[in-house]
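Following are the structures in question.
Both of the next two complexes hold chain A, though its partner changes from chain B to chain C.
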Partner chain A sequence: MKKIFNHNSRIEQAFASFHCNRLSMLCLWVLVILYGLAIFADFICPYSYKDEDRDFSYCPPTAVEFWDHGRWERPFVHGRALTFNSVHRRVYVIDLSRKYPLHFLKGGRLFTVDAPGRFYLWGADARGRDLFSRVWYGARISLSIGLLGVAISFILGLLIGGIAGYYGGWVDRVLMRLCEMFMMIPGFYLMLALRAAVPENFNSVQVYVSVVVILSLIGWASLARIIRGMALSLRERDFVLVAKSLGVPDIVIILKHILPQTVSYSMATLMLTVSSYILAEAGLSVVGLGIQDPVPSWGNLLSDAMGIVPVIFAPWILLPGLFIFIAVMCFNVIGDTLRDALDPMFRD
Partner chain B sequence: MSVLQVQNVVKFFGNLRAVDDVSFALEHGDNLAIIGESGCGKTTLAKMIMGLTIPDTGFVKSEANNLQMVFQDPNGSLDPLWNVREILKEALWRDHFLTARQVQERLEGMLLAVGLSPCVLQRFPHEFSGGERQRIAIARALLASCKVLVLDEAVSALDTLVQKQIIDLLKKLKQDFNLTYIFISHNLRLVRNFSDKIIVMYQGKIVEQGRTQAVLQSPSHPYTQQLLEAAFYPKEKL
Partner chain C sequence: MPRNKVQLLFVLCSLCICSAVQGAYAATSRFGGSLVLATSSDPKTFNDIVSTDVNSATVTSLIFEGLTTADPFTLKVIPNLAKSWDVSPDGLQWTFHLREDVRWSDGVSFGADDVVFTFNGLIYNPDIPSSSKDVLTVDGKPLKVEKIDEHTVCFTLPVKFAPFLRAMGQTILPQHCLFQAVKQKKFSFTWGIDTPPEQIVGTGPFMLSEYHPGERLIFKRNPRYWKRSPQGEALPYLDQVIYLIIPDAQAQLLKFIDGELDAASVSGSEYPLLKPLEEQKNFHIHEAGANYDSNFVTFNQNVSINPKTRRPFVDPVKLSWFANLKFRRAIAHAIDKRKIIEILNNGFGQPQNGPMSPSSGFFYDPDVTVYDYNLEKARMILQQAGFKYRRGHETLEDPSGHPVEFNLYTANANTAGREQMAAIIRSDLGAIGMKVNLVPVEFNTLVNKLMSSFDWDMVMIGLSGGVEPHFGQNVWKSSGGLHLWAPRQDKPATAWEARMDEIYDLGAQELDENKRKVLYDEFQRIVADQLPVIYTVLNIDMYAVRNKFGNLKPTVNGGAFHNIEEIYIKR
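And then the complex of A and B:
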């Protein structure tokens, strides 16, 4: 009986109950696969993200075939011939006379076809770049930017909340008014305002870093307020008083006694925040203020789908939206399950 | 030479005078009991002695870093996320020059001194009983090489038998480590056997102080008399 009320076993129990939840385990595996594909994008994708061929603008997905002239062959793709229809729209017809066999593990890539042929597993974008490759190179940015932004805003939120709650008094008042100033401004407008403050001529790495910083600046305040409330009650706990009377420095007490006690709350919030940051990056990129072309992110891939014409004639460019949806759903389900598992009130 | 001097300390909580003009001095080797009902300002006084609460007026003077406190609730005073090794090592945080081996020797030695096996170092607070947890808290206080130990209701949450074990341990440690105690309690029976000086507090004030035997045998203040009547049966010999 005694163990049930203890913190350690509470976390163990939480993980056990998380493990039993099939849906959240499925989501965890989906995320592992998504991150794996993003990490190994160089190997998995047939083309680089900026490898373009304007003759194949909006080329539809290419089928992989095994059957030719009545017998099995190694996988190959047919060539495409570009023609124009009666309203002068591009139409790609399959050119049965040209055959390009798929090469596996050639040139450090999982599968490729030889030069004049192009292999578009999920179709091509306006400039004839392979959407499959761009989705996985884009996943690197979209999936990492959420984690990085969350990491920074969590460090900010935990530290500022911990300091405000631990010291109380005027330190608390000043820091909390600062938080409220950030929370007052609607998130998206704050993002746009911060983005406007970033110079136009940044290169892609600088843009990436500035987007991370912008994202982390919108999220820390609400976390800091909650951590502050917890720290206010934790600082009266006896083990904190003992540490104080031992003369342990305040910052050590905050980092080693106060913040670890808030871990069950912050872990669940962390997961829920990652998904909102992925959406925020997509939002910024869709309106053209996030990651800049040619570097792909799921957000700016989706910005190609802003017009009705490309969506009608090349519906595959909506695919990045599906992946945003999947990733956000997975993070939300995991976050919800973790929160319920860590909060004994909700469990069972 | 007094190790601790409390001079005219006053502490307000809003309009409530929690501690009202309290003065006393503690000599080296004393075993002082502070006794009184709940809410009479004992714990506030203890926190002011420890420097955890700042008095509104008056002052507390003590030799630097020789005070440690053991709290009432054995669940609360040990961080539930830390194992015993980390908990005890916190008391040694100033001694950066100690090698891992020296630290280990000091921790094990102290655990033996408070009657625990050295193999509990890897265990977490929830794996111990209340009495064992108080022993760990005492060990931590002693590792910080304290000379004055403030025991704030340190045995009140324990059952009678464990209370006796801890009291015996405290008596032994007083000699081994040459300690001075401030024993805060509401239990006159314990105090009678344990302390040689006594301070009776009532509504934030000291109403009576002196040697334990003298105070208990001829209480001068009506509150002390009431306390005695409540604590002992009329015919029981003091």
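And then the complex of A and C:
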């Protein structure tokens, strides 16, 4: 009884213990930075995600230089020219005579160089698009798809789980069998099947929305089952019985009295699910069924690195994979810490 | 201890003897050894009459042969199972004199009966879905095939048919093995992949010895093969040809580098990876030349009405763009072929302008209209045609104010980098104000769209060509099923399509090669002028082959091992 009534203080307590965990605070900050970079991609990136210059196919990362003819100068980059060597490998010859100073805060961008100079902080892709810019524009898709997908499946899971647990009986049985049907099919194949049902001539926004919906349709079932279990025990509690006898409508009881009790559990699950959604989007995009070029996502950026040849000659195109790894790790660490902090058994 | 010593001595002795024997053998003989190659998927069947896929054909080409074949260097038709032929003055009667020394791999002698059986019993048999029936039907009628004597066959044509000799490359199958199956109407299922290897009988240099599905195919030397080397030795030299089944091209390449395969095909982008390894891994990359596999975009110009929805297959607004020659010309000017070659193939490739590949030799016409990459010109052509720009060059509107937006479909398998090519074209067209949505779909879905549902706007796909222009009639005649932009027309929709139909009819019946060339040159110019399909680039075929084979003469026509019976292992 006591535990339920000091519910708020418990969450406060949990956050306090979360605060003390250095690793998860670090992860939190990393995520804040990633999301910040994604949100301000327009400002931070020197180029738009579709800005291509075919003379710079697989151009390696450009060095920023400060030192020219024996004296300090404002940062600049040298011009580069593409040639093919005797074995037809791309070689970028640095042209010392051409210098392009870095401009800061020019034209609404944090840093740029004047055309025809190009500045590739993390190298270029096959068509000479800046990987740095594409990673941060891609982060918008990859990081938001996880959150949006989780939000939808969270709502579905809570509602369906709450209703099933609260009403019990045949409602429970029907809904839980439905859940099992979704859980029965291996996730990735269900995702492919749902993707195949989406009309193929969707534009990029429609594809984005459909990917979000597909992801959330896959994830809600496991959450719903657990919420249902919790609701099943909560509905026998005195405060629910009191509310019932006062004639409070069922839906209000579910939303106001039952679901808030499950918050602690669902918060942690939420965090852990976000990471699996980020991975799922990447998987879908890597096999070419997710977000379509030219719009970048970390998944479809990584699909460029599917061959031996690009990985050997342009290893920087693996970078999006690193960011998928970082984001997924962060969400997992935070989720774990939150779960431990919120778990009364663990704390006691 | 003494016993061990004796053993050791024995082993040493036998080693010496072995190497001595081998040395003596090597000095005189080219025979023996095996060649290990890779194929990307299992054959679907060993039945060469019903097979339609490339992988089955690769495999069966070792087992079966035709009456004629094409010289891989001059591309001319040369004798194979037939040693010579005569033609009547009117060009309708062809008499083939078969080689007398040919035996099937089971020992039965090859003769006129097999040829007659292959044509009358198999290809023209209405119960058998034969893949070459179309090519061998002239003017709507089959050829009349008669046996004159044991080693002479006479073909009678309904009308003159210029590509006839080339069509006689059709593989011949043994009557004595297949007669029963045809009689029981089981032929279509005979010689499937579950057949015991020894039952598959051919005249070719090799015969199937083992097949492990998903793993490997092993062919062994056919000791009864008829061909002799200039020194009079019985060919082939190799004991075995092994095909490993490796679906992934990358995996094939790695296995080649590791030494598990003797040869691999190399794309332009892989060249810089392999070329520096030549010395160390003991192989050489042979550059054979531009291949026959075209890559192009085409627009749906189908005017018919969908019988199910009672609405046109193509939105009339879009159709008005696609049917507009200026629209297509503007697009031809907007495609940056040079950069496609550079980006996808590290500079290995050729821009393609007309419907035939330079490797086709005699019939290739280099003087067709060339559309240079010029965005200004493309925009100007569009504006002349009444299209208007809004917001600078950002968006293009048609004369009646509809923004130009359509879907570009391509296969998601990324064959020959086609998906990337489509992505480049998409952004090229963006530069002249067209909003193009790139839609990669399954290859089968794409084929279904082109062949039956017709719900597409623009497609990036490719077709493989060859030496003989007539064999493209399915594409270029307005009644053809592969006449992609408007298939199976009852009568040609435009004057130039009518002229192409005429050229194809005339070309088939003209026996003078030079007069044929004039006709087919005209066809190539029409295609380049009218742009029903807009060609992009041709890739260069390259084969990396281990430096241990003698008589290796790779050509783009036959690949690295077209003369497989003459290839031997250098010792």
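Assume the second predicted complex is superposed on the first by the 340 of 348 C-alpha atoms of A that agree within 3 Å, B and C clash if a C-alpha of one lies under 4 Å from a C-alpha of the other, contacts with A are read in each partner's own complex, and residues count from 1 in each chain.
By definition in this document, contacts are C-beta pairs under 8 Å (C-beta built on N, C-alpha and C of every residue); 3 or more make two chains touch, one makes a residue touch a chain.
Note that the structure is a prediction, hence the values are computed from the model and not measured.
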item: Clash or fit (per the criteria above) of chain B with chain C on chain A; value: fit
item: First (chain B), second (chain C), both or neither touched by A:Asp238; value: first
item: Partner chain in contact with A:His19 - chain B first, chain C second, else both or neither; value: neither
item: First (chain B), second (chain C), both or neither touched by A:Val248; value: first
item: Partner chain in contact with A:Lys106 - chain B first, chain C second, else both or neither; value: neither
item: Touched partner set for A:Arg127, first chain B, second chain C, both or neither; value: second
item: Touched partner set for A:Asp293, first chain B, second chain C, both or neither; value: second
item: Which superposed partner A:Lys50 touches (first chain B, second chain C, both, neither); value: second
item: Which of chain B and chain C A:Arg89 touches, first, second, both or neither; value: second
item: Chain B and chain C, minimum CA distance [Å, superposed model]; value: 51
item: List of chain B residues in touch with chain A within their complex; value: 47, 50-52, 65, 67-69, 71, 73, 76-81, 90-91, 93-94, 124, 126, 137, 140, 144
item: Residues of chain C defined as touching chain A within the complex; value: 250, 253-254, 268-273, 275-276, 336, 339, 342-344, 346-348, 407, 409, 412, 419-420, 423-424, 426-427, 437-441, 445
item: Touching residues (chain side chain A, partner chain B) in the complex; value: 2-3, 5-9, 237-239, 241-248, 252, 257, 260-261
item: Chain A residues touching chain C - in the complex, by the definition given at the top; value: 50, 52, 54, 57, 82, 84-85, 87-90, 126-127, 200-201, 203, 288, 292-294, 307-309, 312-313
